[in-house]
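The structures considered in this document are given below.
Both of the next two complexes hold chain A, though its partner changes from chain B to chain C.
Entry: the complex of A and B
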């Protein structure tokens, strides 16, 4: 039976540029269309973070702060060899150590490519470790010191095997193999066809190709080529990966620093064969994830297993070295790009050959950037993973698109120069996005793009350059996202969902959304999230949280309010349909009769009324649907401009100023959006100039597994940043809001690289653009033999 | 858990040298946020561990445990230090101030309020340490320029990238104190 639908008119377009209206047929129980932000009271305002007071006073409880009575402390034993067969493990001495309560040997590690099992193989009897830091065992003791001391008593008999660390070495047919058998391909967005595997090379995946790129390149009047190399970056969340696992007879409770409480619950339930109603996952304050805290890992299962064995809660927190070697990373890439164009700039053909290494995992992709951003019918992308004996990569803020944009946006810049076009003029011709058109216009004006001089023309030794680049990221939505709103008899209001606030500010945004609907202030709303006892919310990855959870939050508030209005309508001598909630009162639309929200709630027959809503489909439909997730019809954009100085004596690049123009649908909280864009830009600059995981190819050891030799941007390297956010309405959901985390990092490294080129007239195609790389490019020092 | 001193340890008097401490727990006195605490710690216990694990003052965070990120910043006699680099037994009579000791009751310190107002917070894990350094800066230099604020926080790592809002928060708090 079709749902009741109603035709309603929604604002569409960019506020201040061209705002129109669009008719949409939407289900009858959806909250009515919201006007643009200028006419709202709570949404679109920079409400200060509701959890700000807890965070500035030290009261906020992070997972590492959770302490349960009788809690034990766990540590993990990790491989010191990059590749070895484990002949035996003897834990008896460790078990006898004072204070030790449980020991667990890891037999089937997670978080890496999965070999398709072939029973009867001789190797099956012995586990192999495949990187330095590969977890082998874990134990729990009464103090962290006792656990560490006992760990050293576990005796492991290794048979060392040949290994390969270097990406180029690993591609050779005679290189030591990371996996002997083919591995299964699993992709972020669902199953992929099985790919060929030769030696350590898995791929190529050509599924993004379309048309005939070779013919397109032959038809070109001009071909631009380049080879680009990007390094491995580590997440470096300030709060380590940590959990407290509490296994009890009646169920398992896990306090964990995670980006996805509901996902962790589902994975744990599956791993232990427990029903969902016996697993509870909780996170309060969360100290950063950036993609690395999305799923269960070996440390999670180890802590749960130890808690089950010991009959006591177990805390396991990785130390900084473990964070650096075994908590995920952004894989390296090598990208060879050939791009053909006509004299007017039209792209006739693009061919990209890419490979990279996520260590023992898959996922060294260049994302969907090049295939999505500019029009070109004849496009070929061949990408392969190269296995190495290194810690597994995983998603990191805009996976694929960050290295992909670094390369592609430089090639586009080079094409513009060869055609004698301004980089913006070329993009006007090949970029179909109306949003980025406005973003380029707005950004160029605020940045002062017209000051840009020809490449390398800056005088003196300190050379100044201006550059720009663009961002593209799909609008992801978690359809499986629910939220409850409760109105209590004393007039107070609660929002409940398992969605977690990892620092993005969704707590505050949820309060704003519900406050808007109920005519209250955000401060009056209690937001209870980060607990799977509440309706299952979305993950905080893929920039999908706001788009997924704010529409159900608003719909739940709307439905709960309808119920309240039905209760109070008789006392106001009106019908429920004739009532509105505004300024803390409920009354007739003409304002003649009203009572306070509190007085209205006091009329409730029970202690509370409640409504639960789940994410509806986008009103205009989705572009694509994949299980619990979907992709919106319109992508998220962004344009960034960077001004740099390059010291040609020392090779130091300094970013002085960045102007960033972005869109995220209806902006919910401008200052929080600005904070996230700052984060994207600063992580992008840090990736462009400083960060690099360095592995010793002779031992497989990470040489900078800390926070001082693994260099990250700090306050001294922070440029002046201006953020402008367009208000872009599409009439797609009850809030029409989207995320910003990932779009904000994609354009940064290429904007800096294009600015460096503009300053010195030499293109840097290798990351990081360290002083050594700059001096090498300038011919001031001899080049390093081969990049790691 | 450290307060559970192993009972099989020898007394100080039975030790080979009277001025040798450890490896067993020793009693110490710590003055923290105006209160005096007596606790029993093993000698290798850092101030950060003692605050977090024994006194439940978990506002002080540990992110690197080797002096590279400043997340663990507290004051010793008013001067900011990395508490992961100070042994608890070496604190002696010095007064320890932690993030929990900054607000006067429910009233936030003006720098704490400015951090909220300017949204100088994302995940918040680096925030207590940053605030301790910023308040210490304003105590020794009530009118810092932007460059002086950058210098004061140059040892701090904020992976979320709050630096621009931290700079504006501290400069605004300094201006507000002046007027």
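Entry: the complex of A and C
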């Protein structure tokens, strides 16, 4: 904590609703309080993406476009069996193939749960593969074709073992075991807790429970219950997982499509025992990650290892099938919810029993949604992972909260109906968030919520329904986030950080922040990011990029500008403190004397002045701190309204319209925020209606490992979307900005499900809400066949 | 994908002589490995390239039919139309002459795939494409249609599979144009290596697995489709093709149906009703046709005919939901023809 602290007044509250002021004690070197967006020039304005033209004209360089001299092409050999012991691997024939430069056998795969080794056991000598697609080896050759041809010459002697694909089968005590011994795994925020493990069931984790849920349920005047099932969804990034690894004597450079350059650098340095200054990680344009490009995976280590062996750069890009079977997924869940309430809606007790499968990994959770969103002192959550012989799950956009909200928001909807309350009225009584209160009011008005009719009352075969649901997500911040701002002697400005733009637009936001501080236009700022040669920035996951990197960017700009003002103050006959930067000029506050920014920079003694700033603590403190990350005191919310039609003869659900009201602190670039909310809603509808990984229970093969049979929302399934973003000021940082990625997907599936219920009067408790599921729920499927 | 040679023949006869196999015979192998020495015909190349990229087909040579002259025209023939095999789906969807009496074909062509694919995909290629069954499309499953011993769909994940006529193999025929053309009574002109020509009705051209497990039609190696012939229809004939898929953009249908009715003052003189995506070949719903013939059609009769169309359906473990969908679609298609 710096010694110099001063008290300043910050805007707080929701613009247009209730805006006040709050005194904060903040370090003296923080940039001064920003007024609300209405009084700003660059921040809060809808600014077109600075890299938009390069992207739409094909000039942008994605990782798959990187070509280095002498670059080799790698492919990976993957298990054809869902479960087998590898008795031997013979790579000699592959090594002799023309054009092959290196072969690497993977002995200790990452990205899944691992048995705690117990030396001396006979099985320890042989690696086991545990899902179809489990990586076994990789090789690099002079062309992709040569690599593929050589791959087929690697001889693997498998001893097939019994396997289990189905979640319910896997829970049985006599099911084939995925792991014979207790496992350990690493979550993002450190090692996962050690939990009981019986057969394939790992858990339960009861750490979120509080009070006495059984007593709470006994005290209830009304109990609502339901069992919900959600499917496995895959990330479907437009750009595949890809890297070019370039191992040289003086260090390792990796060009990689990643959500966390600095994290990849740290992981690679650790894996190879290299100092951080010998590892450089670079990413330019990126085509999405959704959580699946957060860490090094087997493909990354394979490419690096091949580059080291071959002494040449190695390119490895997963194909679409590999993307679908082995780049992570959103795990399945089964959730049994019992919720007790009094007649006035007060929740007296909630008990949730959940299990799900992340395949060979852990993490099939229902998130922190139910435990956080509504007031209830007596709450029990027991959740377990069930191992199956399937590809590992990993974080995917609002992990846990997406399936969690699908179930819980439907139970709340049902409670409202049983109590004879409007779903909004019930939430007014149980939701303590002042933000969502305003979001419900604003959304209901824009959506026309008053048009909603009683469930199932829509006439005809094409039934119309209206539904709503809410979103909750913690405000995450990476404290370990730094940014440099340089003012060059020609008056140009650059921003430098290793933070990466995964497609969500932080490039443009950084330009806006620095432009605001320096009195320039965003287009005048060169943003150089996605390179660990620059100060280490935050990861782009957990909706934390904007909250983490914009405050240091503004503080760095502020400090660099102070240095510049000290240089030019004498020439303006003023003190540095008396100068302001505005409209491309630096001058006295009364405007009587000024010079252009370029003239000011020309007075520099050196080629540049530079300031580096790091993320300060939130001015009001954090809610919780976890290593490099922290959780803000106030969560992020959102309310979404959906209007659907359901064809009761064919089972098709069509979402016609979605109105979304969200908050993300101070909105930095409304157009980009809207764009990201659109993405969340579309991915949410796609999850609700179409997407599902289908594994063949008899062979363990994924049957839809492509974007044809894996159904995904496309143009004609896209509804009219209206986004409204509240300006919510909290006086927490130099920008007071937060993220939007994850809050924007959480409410979509339950809003659609509640609208479907309103349309047909039958509740869909299974995802996806496919024609088969809808017709089955309506009782229209002939009974001679089991429901799908 | 394997490397291959490219051949541009100068004539249909030369192309026929150069072909050593059909796609089906190049794929169906006891060993499970596609033939490495096959020379196969390529029109639009949409399905062909898909099969090659998946490693299901590995021909030594592709014979490009696309540049052969005169095969991409739609011409009057008698009172009907002769459609060249290289006519694209986009051409068909935009063809005004189809709109009056052969509307079902324009509907089917215009609803298939995506705009990009419709620009490249040819009508003959569409009729001859291989099924989309995910076991058939998986290299890891050596199914009966590829020369193996098992149809994995029966005991496996069969939500998109057949509900009729799945004796030995549960694929559904993928072509919606075939559904429409069978209902319209279309025929194919075929030329063989020796230059001999034959004409076959489309309905007889497609075969069921009980007769032929490894191909969906009666095209022999070295044969080339040179025209699709649409017979004359009376001025009182109207037709409609409806498709229903999980997504409306670029998806394979769960159900599709073509209805061709000859209506005189509200009375149905003649009816053809064909269901697609329900059987290994386009499935003629004769009971439904009989229910309409000679009758004045109203909503109740359409419903009864639709119900009749699904009599005898034999859903598998996960696809019974297709039955009510087909019933709704058949009824809607009949009523749509009335309104046309």
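Just so it is clear, the second predicted complex is superposed on the first by the 770 of 788 C-alpha atoms of A that agree within 3 Å, B and C clash if a C-alpha of one lies under 4 Å from a C-alpha of the other, contacts with A are read in each partner's own complex, and residues count from 1 in each chain.
Here is the rule we use: a residue touches a chain if its C-beta (ideal position, glycine included) is under 8 Å from a C-beta of that chain, and two chains touch if they have at least 3 such contacts.
The structure displayed is predicted, hence computed values, not measured ones.
In the superposition on chain A, A:80 makes contact with chain C only, while chain B stays out of contact range.
Looking at the shared chain after the overlay, A:502 reaches chain B, while chain C stays out of its contact range.
Of the two partner chains, chain B and chain C are each touched by A:715. By the touch criterion defined above, A:690 reaches chain C but does not reach chain B.
Counted by residues of chain A touched, the larger count belongs to B, out of chain B and chain C.
Contact with neither chain B nor chain C is seen for A:260 once the two complexes are overlaid on the shared chain. Contacts of A:757 after superposition on the shared chain: neither chain B nor chain C is touched. Of the two partner chains placed around the shared chain by superposition, neither chain B nor chain C is touched by A:729. Once the two complexes are laid over each other on the shared chain, residue contacts for A:369 go to neither chain B nor chain C. By the touch criterion defined above, A:145 reaches both chain B and chain C.
Put simply, chain A uses residues 145, 708, 712, 714-716 to touch chain B in one complex and chain C in the other.
Within the complex formed with chain C, the residues of chain A that make contact are 80, 132, 145, 647, 649-652, 690, 694, 696-699, 701, 703-704, 708-709, 711-717, 770-772, 775-776, 780-782, 784-786, 788.
Note for the complex: chain C touches chain A at residues 3, 132, 134-135, 137-138, 140-141, 152, 155-157, 159, 244, 246-252, 254, 315-321, 323-325, 327-329. The residues of chain B lying in touch with chain A in their complex are 1-2, 4, 6, 42, 44, 52, 56-66, 68-69, 71, 98-100, 102-103, 108, 112-113, 115-119, 121-128, 131, 149-151, 153-167. Taken together, the chain A residues at the contact with chain B in this complex read 46, 48-49, 51-53, 55-62, 64-65, 67, 71, 73, 98, 142-143, 145, 235-240, 285-288, 290, 319-320, 502-505, 671-672, 674-676, 678-683, 706-708, 712, 714-716, 718, 720-721.
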